[in-house]
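Pasting a structure here, questions to come.
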């Protein structure tokens, strides 16, 4: 059961080539992506309507895609425009196409009713394409349901334990209580810790002589996108003082692949003036190392859940945000179901 | 659901050694094969009636097979003839045996009622054992249901796309319409294309300076055997003119292993006078390369089907033969079911 | 369906470190083991009560274990004693703990009602920790249900076939009929063979010039523990004559991991006066080689069973002990079920 009336990130822009095809599955639907000669990204169902062969094993031809099994040719709207050996093509020969928007280097697909696709619902992932911010793009594939990863991102108390040697470095993070505020389609979460050592992760950016204050302020938005301002500052220094402060901006998003696997697109950007290519690479490597720590823990958690038995979870104060977000998702799922059934009912009257 | 009252190829003759055992599964039944001292092939259920250990982990002893777990000895009819520590062997100790025929280097087993085993139903795979024809025997294991491979063999339009760089070489093959004719237990399919380049596959046999005419004439017979006369000829040359013609004979057969896996035995023979060992090897390697192209595509098709959702296929004129053959299989399955139920009914009267 | 009111071996003593954790699953329950500072072994459910992460990915801290995800700290009884960011810990925060006994270098856990844990049910695995006996500890992991391995251990006629080149060496073993006697919670089985060649396995101990008499006398006890006195003696020599005799003591036990996998702990000890470290190592290697023969055969048997179809087994005289033991297990399972339901009934009256 997935939300469908929303934009999911299906790829980084550079993953969809100007020549060639990209196959990727989103909320259970296998998609094939390619660019028309104008560079516009098209997303079609990755299964030929003839004998069900995946179109991604075919060939990109101009604005079209040819099935590699029997040669049917489809345009960017999914309409079949050529069948070998047939004079005219039956109009019913078509595959589903999906609305696509390319926005700040993320390629989004709309998995619900195309008529309801709404660009105003795109997140403000500005630092993915901004002259003042620099990053290296990241991707991880998870063999767990997206919800467990969202839980992880909604409770940073795990930084003290899972990421002790990377992003964390202090038990104070787990002891702090974040401020949680409902916002349009999501939550705003703000966590501050005072007088802690700089985390090992900061070493790629700069060293601090003593304790610093740190903050993690982020929005977590439907379907599962994190947009975060985080940083650390020498105690007593003025906010914005570049000599005593580190400030980062991060965009991360979870796209369910199937019920039990998830795409994770992420970046953590640093200001362009702070460092060079080596800084960017160091930050990226540190982030990947930390996210592998998450992946190992969440994978183990999912395996433990898979053993069955009593699966009740005892909730604690640290779970406040993740419980609120789970309820938000439930409400949206109910709203989609109601809309679909209402729509079906009125269609039935026609 | 498999046809049972028919001969399935279980092995090439050389795969069943004079000493030793061969384990192979056919339509879901695990078999163990061995040769008696007279060279006759025996096929038994590969599961001891005592504690269900596979007999293929045992030992060939003369005309018998000894279970490797507790030492029970079985003869070629499946009867247990010795139990360690017992004076007399209970007659109920037996495993199922299957009728076997070795015919033109193919070993056939009859998977239905042994009383109905009928040698007249063997296919004419003459080129597998004929002094005028030379080939190297081929085998591929498929992790897909046999039906998808039969579909492939019943519509050669895929040669233009799947085998563009091997057996095909021209889109004219897909544009041609074959003649399809029902025959006893199968279909006869004839496809001709005119004035096309020789396919890359022919390079092992000979080169042609210009365009040629090609033909593919084959019978496709129950359960799933293809017997084909194919070739290419310089335009305007007389049929049978060895200086301007290539002619091949191919025997191919699909044997379901399980509901989702298939044995594929095949050869493509060239006339003995045309070439030498290098020709034979080149032809074989070209064929294997092409059949790996099929296996990749059909495996991808099967994976796409396995993702579920709407699995309806939109049929096109090119599907005529495969649809007719699917109907033929359905009729045979119904006939077997009727016979079994009729047989049960009359047995009930006895 | 497993017996629960019994002691299962979960580990060799040396597998549970003084610092660190050991994860192991017994009868479907995932456990994590560690030692308190006094060296006492604790066994807890390997799943945090908070978000279900496996505790074995956490950290051993003194007498406690800290979850590696969000930092909850549990004591050896499974009680949570610290939650990051909370002043007081809710008493309901706890995971299940299991009774543990360390006895002759085997670590036993009681998987049933802790109130019924009964040390008098521990087996007499004396040779695992006795100054006169020497061995190297063994462990194998089986991907089959424990019952098939118990069947194997309860019928040594397989030594003639499975272990022809290792423990067996003569068909006389299969031809001999053992004496089988019911004992408290098990069976006593005695098998003697006369005038046979020494088995290849004895080569690590000593060579014999001619034929010997051999004996295999063992108890097989619930849940699945074998305690065996075995040996070989020159024909006509006096029992106990060290110059003409080999005598071994073996302790082996099966611990179900899941419905389809099993832990196998074993040792075969020789008297200290007979040989040196090389002898011990040779005996161990020979035993492992033989047990790999079993594992291959039983794995193949389990795969053959997994293919389904008619799974009836035709029982023979050699199956007497294994059938008796299977009935004993059934009786014990029924007794446990009756006790549980009786207990539930009387609880219902309260």
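Going in written order, the chains are labelled A, B and C, and every chain counts its residues from 1.
Please note the rule applied: a contact is a pair of C-beta atoms (placed from the backbone, for glycine too) under 8 Å apart; a residue touches a chain by one contact, two chains touch by 3 or more.
Remember, predicted model here, so these are calculated numbers, not experimental data.
Mostly differing positions are employed by subunit A and subunit C in their mutual contact, as under half of the interface residue numbers are shared between these two copies. Between the two copies, subunit A and subunit B, the C-alpha superposition involves a rotation of 120 degrees in steps of 5.
Centre to centre, using the average C-alpha position, subunit A and subunit C are separated by 48 Å. Contact with two or more other chains is made by no residue of subunit B. Across the interface of their complex, subunit B is touched by residues 25, 28-30, 46-47, 49-54, 57, 66-71, 83-86, 90, 92-93 of subunit A. By the touch rule above, subunit A contacts subunit C in their complex via residues 151, 155, 157-158, 160-162, 171, 174-177, 296-297, 300-301, 303-305, 307, 309, 311, 313-319.
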